[in-house]
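Here's a structure for you.
First chain written, first letter: the chains are A, B and C, and each begins at residue 1.
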Amino acid sequence: MLELFLHLLLLFGLSPLLPGVIGKTKALFAGRTGPPLLQSYYDLWKLFSKGLVISRTTTWIFRAGPVLGLAVPVLAALLVPFGSIGAPLAFTGDLIFFVYLFGLSRFFTASAALDTGSSFEGMGAAREVTFSCLAEPTVFFCFIVLARLSGSLSLDTMFGPALNAAWQSAGPSLILVLACLFVVVLVENCRIPFDDPNTHLELTMIHEVMVLDHSGPDFGMILYGAAMKLFVLGALVVRLVFPGATGNVLFDTLLFCGGMLLLAVVIGVVESTMARLRLLRVPQLLVGTMLLSFFSLILLLR
Amino acid sequence: MIAALILLPLCGGLAAFFLPSDRFRPLLLPVCGLAHLVLTFFVIQDGQAVSLPMAGNWIAVDPFSRLILLIVSLLFCGCSFYALGYLRYRIVWGNRIFVSCLLLFLSAMSLAAVARHLGLLWVAVEATTVASAPLIYYNRNRLSIEATWKYLILCSVGIALAMLGILFVAYAALAGGVQVSLQFDDILQGAAHYSRPWLRAGFVFLLVGFGTKAGFAPLHTWKPDAYGEAPGLVGALLAGGLTSVAFLALLRTLQIMDAAGDGGVAREAFLAMGLISLGFAAVFVIRQPDFKRLLAYSSVEHMGILAIGVAIGGIATFGAMLHLMNNALTKGVLFLSAGNIHRRFASKRVGEVQGAITLVPVSATLFLLGFLAITGSPPFAPFISEFTILRGIFMGGHYLTGGLFLFFLAVIFIGMGSTVLSVVFGTPLERKGDTNYRETMVTTGTPLVLLLIILLLGLYLPEPARKLFADAAALLEVKP
Amino acid sequence: MDNYNPANLLLLLVILFNFFLLGSSRLGACIRSVAIQGGILSLLPLFLHGISGHSLILAGGAFLLKGLAIPFLLLRAIRQVHIKREMEPLIGYVPTLLLGTLATAGAFIFSDRLPLIEAHRGSLFIPVGLATLATGFLMLITRRKAITQALGYLIFENGVFIFGMLLAEAMPLMVETGVLLDLLVAVFVMGIVMHQINREFSSMNIGQLSSLRE
């Protein structure tokens, strides 16, 4: 019960803070002051009180996309341990459920983009789906490594206390897994070097272009969902880096929040120091990451 | 004394590099060549099994070394005199790199001949690759650049594989519980205890690696390009000297396998490589339009003959040792005279070169006689050596091998003959590219002398020479 | 494979660099990666055989040559010819990466079946050596520019060096020095030939070096 409560509190309360931290870090690198840390909260408040504009060519799918975009991360969050706070929902094989939940939301987002009938959004949808398709094997290989190390197919146990021992016995493998999962976080959340969240130039938008037609509460749901997705995927990475537990729930929670904010800062640094890759090179990099995760599996099996 | 063999050309090379005069620099070549030859004669006098050890047995002279040193030294001395004429003709191109690299090349080959540590042997053979690459590139056109690059990369990769082989041999010692050492004598002593799989793996890599350098098929692809595009002088040294040194490395490998008791497997591999090389040479010699590339394929053929001779054993090994010298000297004749013909006609292709006998009579005659010698016509020496190898084959009962051997030799004779005859005889065409190159005594003297030596060896084998070859062959006697 | 042995970590870094080299098209980055790989390898004798005079000299010499001198020569070569990028290799970057990964996996599996001595069983030297050899081979055969062929040769030599480290007692200092010097001079000559290739053909495309045939 306590876990469920903490999960929902952290998810709904803390996730909009992450884009704010990323933005602030980028601003600091650029020498600007940048938008305030709580800007996302203001944006969400603003959007939820606005009116909705819906195109006449769209159907119910157009409205379903944002809804799923919000619902799926909430459900996925229940499967993932936040720090040492266990997951409220866990069963064998829930890692597959986890990956395909996000696949479901991606399907509906892409369909909503295609539903508008604009070729512009279709282009963005095609690119986004390709990248995620290439990132999926990476996620699976990483999960297989962790499953083998912990001896269970449930995310809760994979990222649970067994992780501490795993670092001792298979450190190099886990370092590679960490790198691959970090790349997956960047890809799935449309960060540089895979997609530029700030650009509004025609040829370079990928995710941004898919959600161009949404407005008002729909757009608010999309923003909130994106922030929550970042939170959930980031939680995996943070748990991998800080596998320990202190036993005090409050302290653990604070440690977890600190880790998430640190992750946001790191993403901000990466975004500030790198440029977006040429579109041709992104599949090559993703295949390379997949091979790297495969290699970490080989190291483990040896 | 041995150190002088290596250091003399080295210092000569450095001196050549720093000497400013293009006109006097070539004189260093015959000076060093003659001095090297004299030193070699002193060194091979000593009749002990392994003589004149130096530096803790890293360098010493054994019968193989004596044979190879003699071959290399003779060939280089002859070519150095030829170089005087050639470099005077090509004075415009400058010759600093050429002369220095030639002398460094000699130094590296001498080191390889006397090395008794596998690592040192490797270093020396790689040094020969690096020293000879700029020589191929002397005439600086597109084709020779291409040839140089292929030569450099293929031979370097081959040598790297040979290094892997050496490391596997050392690991065989480690896995066999024997003291690990790459000193040749230590290996020969302990080889019986080496771990068999590692030793065989090492043998394969050494065969491939040094085989690339020697030019066995199918590792020979760099040979036609390199020999075809290099100046005739360089071709002679590569075909006569470098292949002999590479074959020496292969002989050392065979010695190791013999000492380990695995000589049978090694000999089968040699036999296979030899027959494949003969086959490739036979195919590519037919209708070969470029007479220098033709000589390259002939070199592949003779490496095949050498491998077969060594693989059969017994009297064929003696024939192979004799053939090493005959091949080297005859290749000298062929390449040097071909170089003269090339220069006269400014082309290497059969369609454009005809009637050489009227325009450059001495070189054309030498080319023709050299062709007869290399394909095994009496009374020249290669006939004796090939016949000895053939006797060994049939005495050993390997009728199929003997039959294939004769068949390929016949095909090669016909194929080479058609090209050589059309180059030498016929009426010369009027071509724009003809130069007014005149052959001089310097450029025809050396091939003539080398041909006379071959003729002499074919008619009468002096006793010291026979003993030299017999000692070398005895090293490969399969010990029961 | 369950220890943070610094030698093992360094060897894993070598493999990561192999992957990077197979997938990258930026020549400057490739040359620097080979340099770092050489530098890492030159530190390995210190970890493997302890700090002794022999291993210090070997490590220092290898570092100087592999990590500094040879990359300097190559960087100078590409600066002279103003080439920054490799063209699409013969089989594409992604297939090359896949082949490289398969070769690495194969190397790991194969080396478990080799008859190694007790001390070497379970160490990463043999698989990483084999994988590096395979990477060097792939670079040699699939790339189109002369300079990447030279890099492939260097990676191949790195692989041989890894094997050589297991046998340091057999390889006395003189020979190691000779080997490294040979490598240096070979690369020097290659650099010169590359320059000449570029001058003659106005490109370093190996595909153009195909007029000699038959």
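The criterion applied here is as follows: a contact is a pair of C-beta atoms (placed from the backbone, for glycine too) under 8 Å apart; a residue touches a chain by one contact, two chains touch by 3 or more.
If you're wondering where the values come from, they're calculated on a predicted model, not measured in any experiment.
**Student:** Fewest touch steps from chain A to chain B?
**Tutor:** 2
**Student:** Among the chains, which one keeps its Cα centre farthest from the Cα centre of chain A?
**Tutor:** B
**Student:** Could you name the chain whose CA centroid falls nearest to the centroid of all protein CA atoms?
**Tutor:** Closest to the centre of all protein C-alpha atoms: chain C.
**Student:** Which chain pair is joined by more contacting C-beta pairs, B-C or A-C?
**Tutor:** B-C
**Student:** Measuring from the mean C-alpha position of chain A to the mean C-alpha position of chain B, what distance in angstrom results?
**Tutor:** Result: the chain centres lie 67 Å from each other.
**Student:** Centre to centre, by mean C-alpha position, how many angstrom separate chain A and chain C?
**Tutor:** That gives a centre separation of 37 Å.
**Student:** Just curious, how far off is chain C from chain B if you go by their C-alpha centres, in Å?
**Tutor:** Whole-Å distance between the two chain centres: 31.
**Student:** Quick check: what residues of chain B touch more than one other chain, meaning two or more?
**Tutor:** In chain B, nothing touches at least two other chains.
**Student:** Show me the residue ranges of chain B that touch chain C in the complex, using the header's touch definition.
**Tutor:** Touch list, chain B to chain C: 117, 119-120, 122-123, 126-127, 129-130, 133-134, 137, 140-143, 145-150, 152-153, 156-157, 160, 163-164, 167, 170-171, 173-175, 180-182, 195, 197-198, 224-225, 228-229, 284, 288-289, 293.
**Student:** Mind listing the chain C positions that touch chain A in their complex?
**Tutor:** 1-2, 4, 8-9, 12, 15-16, 19, 23, 93-94, 97-98, 100-101, 104-105, 108, 112, 127
**Student:** Which part of chain C faces chain B closely enough to touch in the complex?
**Tutor:** By the definition above, chain C touches chain B via 115-117, 133, 140, 146, 149-150, 153, 156-157, 160, 163-164, 166-167, 169-172, 174-175, 178-179, 182, 185-186, 189-190, 192-193, 196-197, 200-201, 206, 209-212, 214.
**Student:** Along chain A, where are the residues that touch chain C in the complex?
**Tutor:** 168-172, 283-284, 287-288, 291-292, 294-295, 298-299, 302
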